[in-house]
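Supplied in structure tokens, the structure appears directly below.
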Amino acid sequence: MDWTHTIRVRYAECDRMGFVHHSIYALYFEEARTEILRHRGITYKDMEDDGLIMPVRSMNIQFKKAAKYDDLLRVSVAVVGEVNVRMDFHYTILNQNDELLCTADMEMFFVNKETMRPTRLPEKYKIHMT
Amino acid sequence: MDWTHTIRVRYAECDRMGFVHHSIYALYFEEARTEILRHRGITYKDMEDDGLIMPVRSMNIQFKKAAKYDDLLRVSVAVVGEVNVRMDFHYTILNQNDELLCTADMEMFFVNKETMRPTRLPEKYKIHMT
Amino acid sequence: MDWTHTIRVRYAECDRMGFVHHSIYALYFEEARTEILRHRGITYKDMEDDGLIMPVRSMNIQFKKAAKYDDLLRVSVAVVGEVNVRMDFHYTILNQNDELLCTADMEMFFVNKETMRPTRLPEKYKIHMT
Amino acid sequence: MDWTHTIRVRYAECDRMGFVHHSIYALYFEEARTEILRHRGITYKDMEDDGLIMPVRSMNIQFKKAAKYDDLLRVSVAVVGEVNVRMDFHYTILNQNDELLCTADMEMFFVNKETMRPTRLPEKYKIHMT
């Protein structure tokens, strides 16, 4: 499955260079990831209220070209490989001129909020995510 | 009681104008507020772990002059009036040239995290805060 | 003129209490303000590229009820009074259940980026803003 | 050269899980990077005012253990390899219990702000950075 989500760059997200600060891209990935789940019939909020959280194990971003204030970004997210205890995502961001701004890979994993231990994704969620 | 805390402006906190974005001042106030409590012998973390949270009821900031990247700010915080269900703070921020950058007033109140209802500040904390 | 803009609360915008942090509301107001201008035929980006910036003179927020993760907020923005050297805004935020979360007032003013001095809003922009 | 900088985790930097949000670590790295340069006799602010900027080419973070609210972090930064057009950094973050929270690698490069083209680090800065 993959999904593209549109995000308008906020003023406060840009730095003195006029570029989106590199810390902000993680917020864009998160918003896109949330929306792909919603599109698949579940919400991350419901999962978390149900006791399942998804910490990030690693995040690797390759910046190609700067995003700028007021840019209209298309953030694409794809699930990579099997979903089990881990769930891996690949992202790309294009701007309104179809320029590739960055690509990223992120490893996340499922944790039971009570025990705080890694856990397999329950079957009821799995059908939505694969 | 009052207290002054020193904060260095981060790059990502500045916008395209080169100024600290107005949303960021609330973070500076919070850091100063946390440190005045620590100085008085308690931590906000312990309070919250103990079931007491402090939402903000109102925040009013008067901006006089822009803070800039790499500025070394002195954030002063004073507790205003009686501390009971409410706790009111007044802040001022000066830069390294003793220029007044902003003043602010903030009303906070105590809430029991279990009941989510407003509550008086317990006596054990009161001696640290007044 | 007034305008309502819809914003989905991001995960990273919420704090340990599960509430949108009070610093974040300024970002929501800014996004709504940007969109009302776009709707009126101009962009803040063009204004700034044209040498006109809009610092904030004061911001006063009254928090009524907490916004939470994944809430779908309706941020309304209205221009208050005459637009000249100053431009004043009033904001209200409702959640998806029509609950009033906060109201806010903000004074901004126009500054010439070259001289860094306050200036009247040029006529070419005024027709879009009043 | 390497350098360790101490940072107290802010309340607003933590999410609903009570952990520092993964987007925030880039801010910690930046603060540590800024301080290592200051310690070496230059400031990033002066460099930028002098027309030299340092965009990020890639950022790769491995998260080992969550940082939490009020943690006192020690952020170590080391310059890796030769400094020329590129400058590569390696970071590690420990908490107050000496637990390793994350490691990260970042590639940055020097850009002339006028031409917006990559450039070698001028000699006058090089003596401070190597």
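Here the chain labels run A, B, C and D in written order, and each chain numbers its own residues starting at 1.
We take it that a residue touches a chain if its C-beta (ideal position, glycine included) is under 8 Å from a C-beta of that chain, and two chains touch if they have at least 3 such contacts.
These numbers come from a predicted model, not from an experiment.
Each chain's centre was taken as the mean of its CA atoms, and the one lying most distant from subunit D is C.
When the interfaces A-B and A-C are ranked by how many C-beta pairs touch across them, A-C comes first. Separation between the centroids of subunit A and subunit B, computed from CA atoms only, is 32 Å.
Centroids of subunit A and subunit C (each the mean of its C-alpha atoms) stand 27 Å apart. Shown for subunit C are the residues in touch with two or more other chains, namely 11-12, 16, 21, 23, 26-27, 30, 69. By the touch criterion stated above, subunit C contacts subunit B in their complex at residues 16-17, 19, 21-24, 26-27, 30, 48, 53, 55-63, 66, 113. Across the complex, subunit C meets subunit D through its residues 11-12, 14-16, 18, 21, 23, 69.
Here subunit D touches subunit B in the complex through residues 8, 10-12, 26-27, 30-31, 34, 43-45, 69-70, going by the rule given at the top.
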